[in-house]
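What follows is subunit A paired twice: with subunit B in the first complex and subunit C in the second.
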Partner chain A sequence: MNEIPTPASIGLSREDLPNSYIGRSVPRPSLPKLVQGRATYTDDVVLPRMLHAAFLRSPHAHARILAIRIEAALAVPGVVRVFTGADLAKVCDPWVAVLDHLKGMKSAPQHPLPLDRATWQGEAVVAVLADTRAAAEDGVAAIEVDWDPLPAQTDMETALDAGTVVIHPELGDNLVFTRTATKGDVDAAFAAAHKVVEATFVTGRHTGVTLEPRSIIADYNRADGMLTVHQATQAPHMMQNVFAKHLRLEESQVRVICKDVGGSFGIKVHVYPDEVAVAAMARVLGRPVKFIADRFESFASDIHARDHRIKARMAVNADGTIIGFDVDDLTGIGPYSVYPRTSAMEGNQVVNLVGGPYDFAHYRCTTRVVLQNKAPTCQYRAVGHPIATAVTEGLVEMAARELGMDALDLRRRNMIRDDAYPFTSPPGMRFEGLSHHASLDKLLEMVPVARIRADQAEQRAIGVHRGLGFAAFIELTNPSPFMYGIGGARISAQDGCTVRMDPDGSVVASSGVTEQGQGTEAILAQIVAHGVGVPVERVKIITGDTLNTPYGGGTWACRGAGIGGEAALQSALALKAQILEVAGAMLQAAPESLDIVMGHITDRASGAQRMSLHELGRIVYFRGDTLPRDLPRELVQTRHFITKEYPFAFTNGIQACWAEVDTDTGMVKLLEHWVVEDCGRVVNPLLVDEQVRGGVVQGLGGALYEHCVYDERGNLLTTTMADYLVPMSAEMPDIHVGHVETPTKESLLGAKGAGEAGTAGAPGALMNAINDALAPLGARVLEQPFTPARILAALGRI
Partner chain B sequence: MMITLTVNGERVTRHVEPRRHLIDFLRLDLGLTGSHAGCEHGVCGACTVRVDGEIVRGCLVLAASLDGAEVTTIEGLTDSGEVADLQDQFVARNAAQCGFCTPGMVMAAADILAHHADADRAAIREHLAGNYCRCTGYQAIVEAVAATLSERAIHTSADAGRGDRTREARR
Partner chain C sequence: MKWPALGYLRASSLDELWRALGDGAQILAGGQTLLATLAFRLSEPGTLVDITRIPELRGISVTGGVLRVGALTRHAELGRDALVARHAPLLTQAVPHIAHPAIRNRGTIGGSLAYADPAAELPACAVALDATLVLAREGGERRVKATDFFTGLLTTALEPGEIIAAVEFPLAGPSQRAVILEVARRSGDYAMAGLAAVLDLGADGRVTAPRLTFFGVGDGPVLATRANAALEGRALDAAAIAAAQAALDADLDPPADLHGPPAMKRHLCRVLLGRALQSLTPATEQAA
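So, the complex of A and B:
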């Protein structure tokens, strides 16, 4: 395992070894079209006879639908058809988003449009189809609905109380899922501990705000019975299954095409009722229907996330040894668990991940997942990680403060030793190999702690309050079927890649993983070029088409490089072996004496070029008569890959945040940020660094600004980008990124995931930085986002 | 109503509804899909285009108000070669990920190159603060703009002895 030759392993610089693309910062081949405005996002696709959908959305958090009057809408010029929930129920079966392995989980059946009751403000209730989006919106404005408003359940703290509104009476209560993980004897250990620190943390409900909104065009062709769906999605094969299953088609009748996608972050890996409605309407009408969410619709109907209240305690000995954690997590997920991944995963991840970097004996963590009349929540970048990390690292810095210890010393004392692997954590997570100590060492090479502390003291003397905060974390990547498959969901954990050589010696690879900006296609091209032995410019990548790619899971949970990348490498190596067999026959040489370097067959010993792939292609495709009769000459190979040893490939890292708090205004200024992460083999350092930076900023956004604010009646108050603030360039710091590489031994490539590390650690590091700044003033903040009002309140200023 | 205007150097005449905003006019009526509709209320900057030399939000300008105007989109800006060096820097530094903000970001950055040749990193961050990018965290974008400015400054001082400089393509 891991014997793939890299420049480093044979003592060359990365530039010295032709064809060695793994580990090299190759620019993404798809970037020129993006910077020139020549990409093709779903909204750029226009089909003949295409209709446009607009939805009437519930103005109430909870209301019975008494009557829907559509006559006036049908009279609007351009309006073609109006669909209600009852209309679509005739052609589309509802779904229930539960997974078998999440014991006791329950949720209610959900239709594309509700039949008689709306359960969150912004839920799509009636669909209007028209020649243009504008006409469809005019039609929506002309619909009259008689609503019977019902009391709304909006406070997760009271969701399980007697007498509360039960959102789906047939479920009996609002409890969707609960799980407790225990290890050791928490009560006895905490009673005997030298010190117990405790706090209640709150993470604010926020959302992905992909700049490209959710986008779909569904086109049903009655002649060939094919439903073709152009969709901005992370998981085309999953969506193929969903559309087929609920629209009563065979999977083979559904093709999902996903061209350029304008950001996803988990937002575009879920099944949205309005998008299923679009497919159902196209099926009924036999013509294409387009729906592009506008920004209001995005805020009101994209999945939200991170709506948690966490009561947590940590026990320590006098020497700083962590004895254990005792955590109670409560999360509100909206009125339905989201299909098919479910909305129980985030709470479940909190249970799995608290205390992650540390070796301790006693653990108890409970999550309770409850219903609310708010937009549904589900998996969003770094699912559960930023919550678990902020709780863990918040407690660690509190304990250090109380013990009078340096928080980094306390971490070092408790981090799992770098030579302790394999290691099973108290909640049962199995770690193949992590590098907490090496990562901390690397971070301290980057962060000038002494200089920062001196500056902090100097500034403090003149009334400027700066703080330095750290957060170590673990990250779950490369998921196996243990994530979804064992629960009964048809969500593939394996992925495939087909690599072929064309007559001109160029290579085409099609893969089941997908591209939404991470650079998936770029790393696949690098891996294939490396594996076959051609210049990376000679590789073309196909993703995002269920009819033309091997079956796979798509891109989510940081699986693109680790799973899709390994399938690409194995198929490329297989193609290389096949090419060499043909070349051996043509050159009268043993295949093992030959190599492929930069598109040429070479003599392995001397490096002399023997023949170009172009020439080999010419012979194979056009003069096959000259080759030995029984010589295999299929210049195409497919390999699939799935992890087998570990349910997940965990990664780790640590972040530091240096921030200034204005104690008069409550504003936080981000000064500088550092990250060290270990994602195993780095395929493209440039792309990994940029993934980490983007992830950090996304985490900082949730911790500082982003908040889906509801009033007590369930009205969403943040429906524009003027109300819901996102990080912009002027407020964001420079971010320094370093790496430690601990490749996974499960694959030849050795890659784990990198896309969520930044988001996992940033909120906790920032919280600790703010509280480091506030500590001498006797204040601290634990409720995200850390708004000026909350900081001033903590300071007793308001 | 009927409007006649110049878009990327070509004269176009179209009938537009009074409520049609510029970004829909460009995307839907002219098929110029390089500019994007991100928020449609003037915050995100994905629809940034140039009108009569100044960058504007395509979602806040009504097409009907543009009779006689000169509009440049990312397609036209690219074809002119004016920002080829900037676009190369974006590619080299991976300053675009999903790319949805990128055309608007390049339009805004072109404004810095054209009018604020001495902008430092803080000034670049300030100038781009009306363009939302969810993917990159902005640093690579700031560095791409800063690198382009410093490259141009070197060329400018080298050119100084040779007289006029133009803002034409300098690859």
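So, the complex of A and C:
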């Protein structure tokens, strides 16, 4: 296992092993297309007879719909049809977003458009179809709805109180899910501990802002009974199932195509009621219907995330040994759990991940997931990780400060030893192999801690407050069926890849994982080129089409490289073996004595070129009569991969953040940021580094800027890019990335996920940096985003 | 969202403009605010009247003892103009604070003043520099001091049928000191609090005619009359700065916004006042 020859592993130069694309920074083949504006996003697709949808959205956080008058809308020029919730309920069955393995979970049935009640501001209530989007919006403006506003439940802290507004009375209360993980005897251990540090942390509700908004075209063709959906999604096969199930079709009657997707971050892996409404309307009309969310709709109806309040305690011995964690997590998820992955996962992840890097004996962590009249929340990049990491690492640095210890020494004392694996964490996570100590060592090679501390002291003397903060983390990647499948969701944990060689010696690979701009197709091309033995330019990749790719899960939870990549490698190696068998027959040589290098059959021992793949292809396809009659010659191979030994391939890493706090204005200036992460085999270092950097930026965004702000009545106040602040390049620091590689032994490729590591650790590292800067002033901040107002308040300046 | 259906008319002279203005007409200059409000359908004018080709509204010149800046001057032009740098250096300093390059390439000074966003830089600069706005209408024009032009939240002294033709700035004398500072969440954002400060610093080190003008903290540019009075005639030393800071509170009545409570804005204004005046203090004072 894991014996893929790379130049480094066999001590050769790149030139000696020209086909070694794994581990190499190959530019993404899709880049020219993306930067030249030649990509095909869903909105670029224009179909004959296509209509455009616009939605009337609820202006109220909670209101009964007494009457909807559509006559004036139907009279607007260009308007073709108006649909209400009742209209769509005739053709579309509602869904309930629960998973069987999340014990006791409950949620209410959700329709594409609500029948009699709107439960968050921004919920789509009425759909207008017209010849253009502008005409559809004119139609929306002409609709009259009689609303009966109801009291809104907006504060998660009161969601379970007696006498509170119960958002779905049939559920009995607002509790969606709760789970407690325990290990050891927390009460006794804490009582006996040398020191207990405790704090309440808040992570701010925010969202993933994609350059391309949610986009869909649904086209039901009555002639062949096919519903073809062009959609910006991460999981086309999941959506195929959803559309079929709820529109009463067979899965084979639904084809989902996603060509280029402009960013996803988890936002585009969920079922949105307005998008299902589009499919239902296309089904009724037999015409294509397009809906492209505008930015206002994105803020009001894309999933939000990370709306948590966490009360946490950590007990330590005098020598800095961590005794245990005791954590109470509360999260508000909006009025419905989001289909089909559910909105309980984030809280569940907090329970799974707190204390992750450390070896300790006592653990108690509870999450309570409650309903609110706000936009639904669900999985966004690094689900739960940034929350668990900020809590864990915030407590670690607090404890170090209280004990007068260096926080890195405290970490080193408690991190799971690099030779302790396999290891099972207190909440029951099984780790195959992590590298906390090696990663910390690597980080300290990169971060000039002594120089920084000297600068910090010098600057403090002149009233400039700088801080250095760290955050170690674990990350869950390569999910098995234990994530969704066992709960009853038809979301594939297995992925496949079909690789074929065409007569000209070029290779085409189709895969069930998907591309949203992060470079999935680039690494698949590298892996296939490496596996077959052809130049990477000779490989074309097909993804994002349920009719033309092997069934699979798509790209989410960091599974593209680890699962899709392994399927690609195995199918490429199978194709290579098949090619060599054919070549052996042609060249009268044992297949084992041959190799394929840069598109040529070579003699393995001497490296001499024997025949080009082009020539082999010509003979197989056009002069097959000259080959032995019983020679197998299928120059196409398919392999599937699913992880079997471990439910998840955990990765690990550690980040450091160096920041300056202006104690007069409360502004934070990011000076420098470092990340070491271990995603197993690095397929493309350039892409992994950029994934990490992008992830760090999103993590810093949530910690400093991004915030979906609601007033107490449930009105969303941040509905434009001027109010919802995304991180911009001018404020971002240089981000240095280093790697430790601990390949997973579950696959030949050995790759684990890399897409979420940056986001997982950045907020905790920044929080610790700010608090390191503020420590001499007796102030600290624990509530994200760390705004100037919060920092000034902590300093007692306002 | 998509714009409502509307008409578009391009005027190539003031005469054409006067004919085009009427019920439901909305002037389009740089469009950096208007186009977004159209997309949100916050405004549904019948016709957009594009004034960007009207020559009378262009150009920067020194005439009659004032710096005249045509209303159509784009922020980017303002930022790189040599006459502006020489005669109204505060404006040159202000331009990099205005949004982002793409917006500065299109937005105009006339548009910014007419829209009168309380957090915008140019209205505050106009007040700080004691500028005069030239308002044109069919058959005539009138001049209005910037201080009188801004009448409330997003409201101005512009009458129906009137447009801003130009802005006239007094020429900066050798003793003028000017600085603009702001605190914004991200570079290019509207300020949480900002200060355009202009004063004369005599050879004797004494301040005359201070015009500290705050933005982002009220319903328009806030000329801090009490803080200004506290500075008038004093040497620019730590005591004078403290006196101005103490007086400032009574000049301000900031609203809460998404960034924080009124107390934060008051605090930030004090900080900005201190930093701005500190930066204008003679080097000997700074060392002390």
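The criterion applied here is as follows: the second predicted complex is superposed on the first by the 794 of 798 C-alpha atoms of A that agree within 3 Å, B and C clash if a C-alpha of one lies under 4 Å from a C-alpha of the other, contacts with A are read in each partner's own complex, and residues count from 1 in each chain.
As a convention for this text, a residue touches a chain if its C-beta (ideal position, glycine included) is under 8 Å from a C-beta of that chain, and two chains touch if they have at least 3 such contacts.
Everything quoted here is computed from the prediction, not taken from an experiment.
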Which superposed partner A:Phe265 touches (first subunit B, second subunit C, both, neither): first
Per-residue touch tally on subunit A - higher for subunit B or for subunit C: B
Which superposed partner A:Ala730 touches (first subunit B, second subunit C, both, neither): both
First (subunit B), second (subunit C), both or neither touched by A:Asp173: neither
Which superposed partner A:Pro788 touches (first subunit B, second subunit C, both, neither): second
Partner chain in contact with A:Ala134 - subunit B first, subunit C second, else both or neither: both
Partner chain in contact with A:Leu34 - subunit B first, subunit C second, else both or neither: first
Partner chain(s) touched by A:Asp359 [first = subunit B, second = subunit C, both, neither]: neither
Which superposed partner A:Asp294 touches (first subunit B, second subunit C, both, neither): both
Which of subunit B and subunit C A:Met667 touches, first, second, both or neither: second
Common interface positions of subunit A, toward subunit B and toward subunit C: 134, 294, 720, 722, 727-728, 730-731
In the complex, subunit C residues that touch subunit A: 1-5, 36, 39-41, 183, 185-190, 192, 258-261, 263-264, 267-268, 271
Touch list for subunit B against partner subunit A, complex: 17, 19, 27, 33-41, 43-44, 46, 73-75, 78, 87, 90-94, 96-103, 106, 124-126, 128-142
Touch list for subunit A against partner subunit C, complex: 132-134, 137-138, 141, 294, 296, 664-667, 705, 709, 717-718, 720, 722-723, 725, 727-728, 730-731, 787-789, 792, 797-798
Footprint of subunit B on subunit A - complex, ascending: 27-28, 31-41, 43-44, 134, 208-213, 260-265, 294-295, 516-519, 686-687, 690, 693-698, 720-722, 726-732, 734-735, 758
